[in-house]
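As written, the chains take the letters A, B, C and D, and residue 1 is the first residue of each chain.
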C-alpha cells in the first residue's frame, strides 16, 4: 500500500524532473547535427529558473482566465503524463484514467491554452489559437483511431493492460499495429509542435502556431507553459515506448529489483527517443500551415485503416 | 403517477392564468415560479419512478373505447427527470430573464402548456394520447417561436418548424397505425403483444426513425432547428434544444426498443449511419455560424447525432444477442442525453444573458464580455468545456462511455456493422475535436479579447435569478462529471427494462471509479482526475508563487506592434477560416473571393465568403419548387368558362359509365 | 290494365316515340342557328309530350296526361317563344355558332347513344322491356343534352341543351311505371323555377353586359384570387 | 307540445313569411335568430321523443345527427349574421329591402335543408335539396356585383345540371325497387328501400349510383364537380359562406351516404367504396394544390372545405367501424370549425374592407380576439390537437395505413400539402406587421368561440353516449 503510493509519487516526480532534460537532449542532438556545439543539456532547467525569477508582465486587459490558464495547462499535462506507465504498470492510480482519458486531458490543456491565446485580443494570439485548434481537430481523431487499434488488439484501453499484453501476450507483428505506430509518430509531431508541423525555435510570426499563442506570456506563467510543453513531449515518447516497446517494464510495483530494471529500461528508451526525434527534426523541413491538414489527414486515414482491418478481419 | 397526473392539469391552469395575468408584472413571477415548483414535482416523480414498479392509470378522456392510458416506468421516469431538470432550470432563469420580454402575453400562456405537453408524451400509454401530447408540444412551441413575430425571418422559421413538426407527427401516426393493425389496438400493451412480421417491422422502424428523427433533428431532417431555436425567447430555446429534442429521442426509444420488440441488425447500421453523419455535419455547421444561438442549435444537432450513435449501437448489439453491450450503449446514449440537457440549457441561458446585455446575437459584434459579465462568462465557460467533451466535466464522461461501447465488441459477423461501427468511432472522434474548436471560438469571440462594439463595451451583468440558474447548471456539469457512477446506476433499471441486461454496479468501488466492463479493461475516475488536477494546480501555485516575484500590468506586447483598433483582433470568421478551408470547401462548397485594390488605391479591400447547405439545396429547394410548379399548373383550373366546367362533369359521367360497362 | 305483353303495339309506339326523341336531339346537335334551334326545341318538347301521353294511355295513368299537357304548353310553346323573343331583342338571330365541327359533335352523339345502350344492356329483363328501352333512350337524350351544353357557347343554346336534358329525364320518369305524381310535378315544377331563374339572370346579365354570351362573364382576371 | 318534426319544418316557413314583410333589420335579425333558436329547441326535443316512421318523414339515428348540427349551426350563424349584416348596412353594401329578402331566404334555406334531412322519400329529399340550392343561389347573388352574379350563375348552372343527374339517378333507383316492392309510393320510401335493397337489380343500382354520386357530389363539391364552390363562398355574404361550408355540403353528403347504404346492402352491386375513395383523394390532393396560390381569404377557406370534404368522403369510402366513425366525426368537426373560421374571417374582411390577404396582417396585434380566434380555427382545421379534427384524422389515417398503406401515404401527403399552403397565409394574416385599417368592428364573438370551444372539448373528451351513438351509425353505414 505505502509502497504503491510511493511508487506513484516517484513516477510523478520522475516525469516532472526528467522532462526538461529530454528537451535539452533533443536540442543538443539537433545542434550537434547542425555542426554547432549548442547549449548544455541542462539549459532548459536554467531557463526555467530564470523565468521563475523574473516578474510576470501581463497585458492591462488580461482576464483571470489568462492568469489561471498556465497553471491549469501544466497541471492537466502533468496528471496525464503521470497516468502513463513508465517503469512499472498497474501503478496505484493508473486505473483512474485510461488512454482515452489521457488524450482528453491533453485536450483540456489545449482548450485552456487556446482560450488564453485569445484573451488579450491581439491578432497573433488569434492566429495561434485558430491554427492550434485546426491541427488538433485532425490530430485528436487520429489519436483516438490509434487508441482504438491498440485497444482492440489488447482488448483494453488501459495503458497498463496494453503494456502487459504487448509484453507477455502473443501479439506478434501486425499490419494495423504498424499503421498505428506511423500515425502515432505523426500525431506526436503535431501535438508537440515539432518540425515539420511547427517549429519550437522559430519566432517568425506568420509561421508560428504554439509560440504565437503564448506570445503574451512572460515570467512564471511562461515557465509553466514551457514546463508543460516539455512534459507533453516526454509523455508522448513514454507512451510510444509503453505501447510499442514495453520491454523491461515491471508488471506492477512491488519488488524493488523489477522496478529498478524497469526504470533503467525506461531511461534508455527515453534517451533513444530523444535522439531519434532530434535526427528526424533536422532531416526534414517545416511545411506550410495549410499543408499540415493533409499530413495529419494521412495519419487519421492510417489510424482508421488500422481499425477497419481489425474489425473486418481479426488477426491482422 | 398521481403526482404527474396532478401536475399536468396544474400546468394547464397556469397557462390559463398566464392568459389573464400576462400583462401584470406579478404574472411573470406567478407563471415561472409555478412552473419551477411543478417541474420540481416532475423531477421527484421521475426519481421515484426509476426505482418503483411500473404504474398504470386510465382516465376517461380522449376516445372512450381507448381512454387515456398513462404508464410510468423507468424509461418515462428518466426522461421525466430530464424534463423536470430542464424545465425547472428554464423557469428559474426566466424568473429574471422574463423581465426583458416585450410581449409577455405571447410567452406566458404557452410556456406551461409546452411543459405539460411534453409531460403528456412521457407518460402516454396509447397512441392517441402520445400523439396528442406530441402535436400539442409542437403547437405550443410554435406559438413560442412566433412570440417575436415582428422580427425578420421569424415567420419563415415558424413555418418551417411547424411543417417539419407536423410531418414528424404524421410519420409517427403511420407507424402507430401499422403497430395498431386494422382493428385499431391503440393501447401500447396490445402493440407490445402483437408481433409484426419482418416486413412490417422494417416499415415501422423506418417510419418511426423519420418521425422521431425529424423532431430530434437528425440530418437531413434537421433544417428547422437552426431556424426555430434562435427565433424563440432564450429560455424557450433552452427548453426546445435541451428537452424537446430529448422527448423525440424518448419517442424513438419507446417505439423501437419497447413497442416493436426484437429488431434486425441492419436497423443498427441505418441508425448508426444517420447518427454519424448528423454528428459531423452538425458541428461543421456550428463552426461556420456567426449567430450565437444558431451555433448552439447546430451543436444540438451534433449531440443528437452522438445520442443516436449510442442508440444505433444498442440496436445492433441487441439484434446480435449481445445484451451487455446493448445495455452499455443505451446507458451511454441516455447519459449523454441527460448531460446535453444540462449543458445546452446552460449555454442557451448564457446566450440569452448576452443577448440581453448587448442586444445582439451576432458574435462579431461582441468580445471582452468576461470583464463585464463575470458570472455569466464563468458559467458559459463551464458549459463550453462540458459540451466540448473535456474532462473532468460531464460531457467527457458520456462520450467516453460511447467510445467504450464502440470498442466493447469487435467480433461481429454482419459486414454492415463491421464497417459502420469503426467509421462511427472516427466520426465521433472528429465531432468531439471539432466541437472543441467550435466552442473555443464561441467563448473566445464572445467573452474574450476586446469589445467589438459599443454595446459590448457597455454590457451589464445579468440579474441574480438568471445567474443562479446558470451557476447551478454549471455545478451540475461538474457533479455529473466527477460522479458519473451515480447516473449510470440510476439508468440501470431503464437499460434492463429495454435490453434485458444492465451495466455492472458502479458505486461499489470505494473510489467511485466507473468501469463499463471490468477495471482491467477500461476505467475512468472523474473524481480522482479532478482531484489530481486541482491538487497539482494548488501545489504549483503555492510553490511558484513562493519562488517568483509579483505580477505587473502593462500594455499588450503583440510583437511590438500593439494595435489600438479592435478590428485588428481575430474575428469569428477568421478563426474559422483554417477549418473552413480544410472541411467546408468539400462539404459546403465554401469559397471566398478577395478583392485587393492595388497599392495607392485607397478603396477598402474586401473578402466575401460563400457557404451553401448541401441538404437544403438538394432536398428542400427542389421539393418546394416542385410543389410550386404543380400549384401553378393546377391554378390554371381556376376561372375557366362554365362550358369547361360542364365539360368536366360530362367527362366524369362518361368515364364512370364506361368504367361501369367494362366492369360489368 | 296491368303489364302489357312485350312486342305489342304499345311497346312499338312507345319505343318509336322515344327513338323519335333521340332523333330530334340529334337534329338539335345539327342546328347551328339559334332561331332554328328554338324550333327544334319546340319539336323536341312536342315529341316528349306525345310519348308522355302515350305512356299515360298504356299505363292507364290519367295524371300523366297532366304532365304531357305541361310539357306541351310550357316546353313546346311558351319557352321557345320567350327565348325566340329574347334572341330577336338582342339581335342574335343572325348568329351562327358551334364549337367543333357539327360532324364531330354528331359522331360523339352516336357514341353516347351506343354507350347508354351498352350500359343498360345487363339490366335484367324482369323490369318490363318498355321501361328498359325507354330508360336507355332517355339516358341517351340526357347525355346528348349535356353534350350540347358543353359544345355550345351561347347562353341561350346552353339553356336549350339543359331543357332537352330535362326532357330526357321526363321521358325516363314517365317510362317508370307507376312513379308517383310527386315526381312529375316536381320535375315540371323545378324546370319551371329553373327557367324563371334563368330568365331573371339573363335579364340581369344583359343589363350589365352587352352580350349574354356566358364566356363573357367569366373573363380571365389579372392577379390571383 | 306540438309535433317536433312538423315544428322544425314549419317554424322556418312561418318565419320566412313574416320576415319577407317585416321592416327594419334589427327586428328581422332578432326574429331570424328567434326562429333558428326555436328550430334548435325542437331538434333537441327530437332527441327525447322520436316520432314514428312516417311515409314522408323519418327520424333515425343517422339523420338526427345532421338535423341537430344543422339547427345548431343555423342558430349560431343567424347570431353572427345579425352583427355582420348590421355592418353591411352601415357601409351601404346592402339595402333594407335586400335584408328582408335575405332573412326570408335564410329561413327557407334552413327549411329546405331540414326537409332534405328528414325526408323518408327519395323524391321528396331531391326536391328539398333542389330548394336549398335555389335559395343559396339567390343568396350568393345578393351583392349584385359582377363577380357575385357570375358566381351565382356558375353555381346555378352547375347545380341544376348536377341536380338533374341526381333526379335521373333517383328514377333509376325507383325502377330498381319497383319490381321488388311494387309500383307506387312505397318504392320510394327509405325504410322500405333499405329493407329490400338486397333483392334489387344490381346493374340498375350501379348506374343509379353513378348518377347520384355525380349529382349529389356536385353539391358536396367533389373534384372535378367543384367549380361552383370557391366562387360561391367567396362572393356571397360571409354568413352564407359559413352555411354553405357548414351545412349544405353535409346535406348533399347525407344523401350520398343514404344511397351508399343501399348499394352496400346489395351483394351483387359494385362496391361504392372505391369510387368514393378515388374522388375523395382526388379532391384532397387537388384542393391542397389549389390552396397555394390563393390571395383571397374566403376563397382560401373554400378550397380548404373541398379538401376536407375529400377527406370525409375518403373516410366513408374506406368504411369499416373506424373509417365511418372517423368520417362522421370529421364531418361534424369540420362543420363547426369551418363556420367558426368564416365567422372570424367575415369580421376581418369587414375591418379591412377587403378580402385580399395582402391587405391584412398582424391581426393578433390589432385585433387579438379575431386574430387568435383565426389562429385557433386554422390550427383546428389542419388537425392539430387539442382540437377535435385531430381525433378524426388520427382515426382516419391510422386505420387506413394498416389496411391500405399506399392510400394512407397519399392521404398524409395531401394533409401535409394543405397544411403547407395554409400556414404561410395564416402567418401573413395573423402575425407580422399590422396592415390596413385597425378600426374596431362591432362583432359578436360568441358564435365563433362557442364553436371553437365545442371543437376543443371534442378533442379532449368525447361524451361516451355520443360515441356509442356514432358507433351505432357507423355500424349502420357498414
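Methods note: a residue touches a chain if its C-beta (ideal position, glycine included) is under 8 Å from a C-beta of that chain, and two chains touch if they have at least 3 such contacts.
Not measured: the values here are computed from a predicted model.
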When C-D and B-C are ranked by contacting C-beta pairs, first comes C-D
Based only on mean CA positions, could you tell me how far chain C sits from chain D in angstrom?
31
Just how far, in Å, is the C-alpha centre of chain C from the one of chain B?
69
Hey, how far is the Cα centre of chain B from the one of chain D, in Å?
44
Between chain A and chain C, what distance separates the C-alpha centroids? Give it in angstrom.
100
At least two partner chains per residue is the criterion; list those residues in chain D.
153-154, 157, 161, 165, 203, 207, 293
Do you know which chain C residues sit against two or more other chains?
119, 122, 146, 149, 158, 214, 217-218, 224-225
Check each residue of chain B and list the ones that touch at least two other chains.
635, 638, 640, 642, 646, 649, 653, 657, 660, 664
Determine which chains touch and list them pairwise.
A-B, B-C, B-D, C-D
In the complex, go through chain B and note every residue touching chain D.
60-65, 106, 127-128, 131-132, 135-136, 138-139, 146, 149-150, 155, 158-159, 162-163, 166-167, 170, 173-174, 176-178, 180-182, 184, 186, 203, 627-628, 630-632, 634-635, 637-638, 640, 642, 645-646, 648-649, 651-653, 656-657, 660, 663-664
Per the touch rule above, chain C residues touching chain B in the complex are 99, 112, 115-116, 118-119, 122, 143, 146-147, 149-150, 152-153, 158, 214-215, 217-218, 220-221, 224-225
Taking the touch rule as given, give the residues of chain D at its contact with chain C in the complex, in rising order.
121, 123-124, 126-127, 130, 134, 137, 144, 146, 149-150, 152-154, 156-157, 160-161, 163-165, 167-168, 170-172, 174-176, 178-179, 183-185, 187-188, 201, 203-204, 207, 234, 293-296, 299
Within their complex, chain A touches chain B through residues 52-65, 67, 71-72, 74-76, 78-79, 82, 93, 95-98, 100-101, 104-105, 107-108, 110-111, 114-115, 118-127, 129-131, 133-134, 136-141, 144-145, 148, 151-152, 155-158, 161, 205, 215-216, 218-220, 223-224, 289-290, 293, 300, 303-304, 307-308, 310-312, 314
Residue ranges of chain D touching chain B (in the complex, touch as defined):
153-154, 157-158, 161-162, 165, 203, 206-207, 210-211, 213-214, 218, 224-225, 227-228, 230, 270, 275, 286, 289-290, 292-293, 320, 322, 362, 364, 379, 382, 384-386, 390-391, 394-395, 397-403, 405, 408-409, 412, 415-417, 419-421, 423-424, 427-428, 431-433, 459-462, 464, 467-468, 471
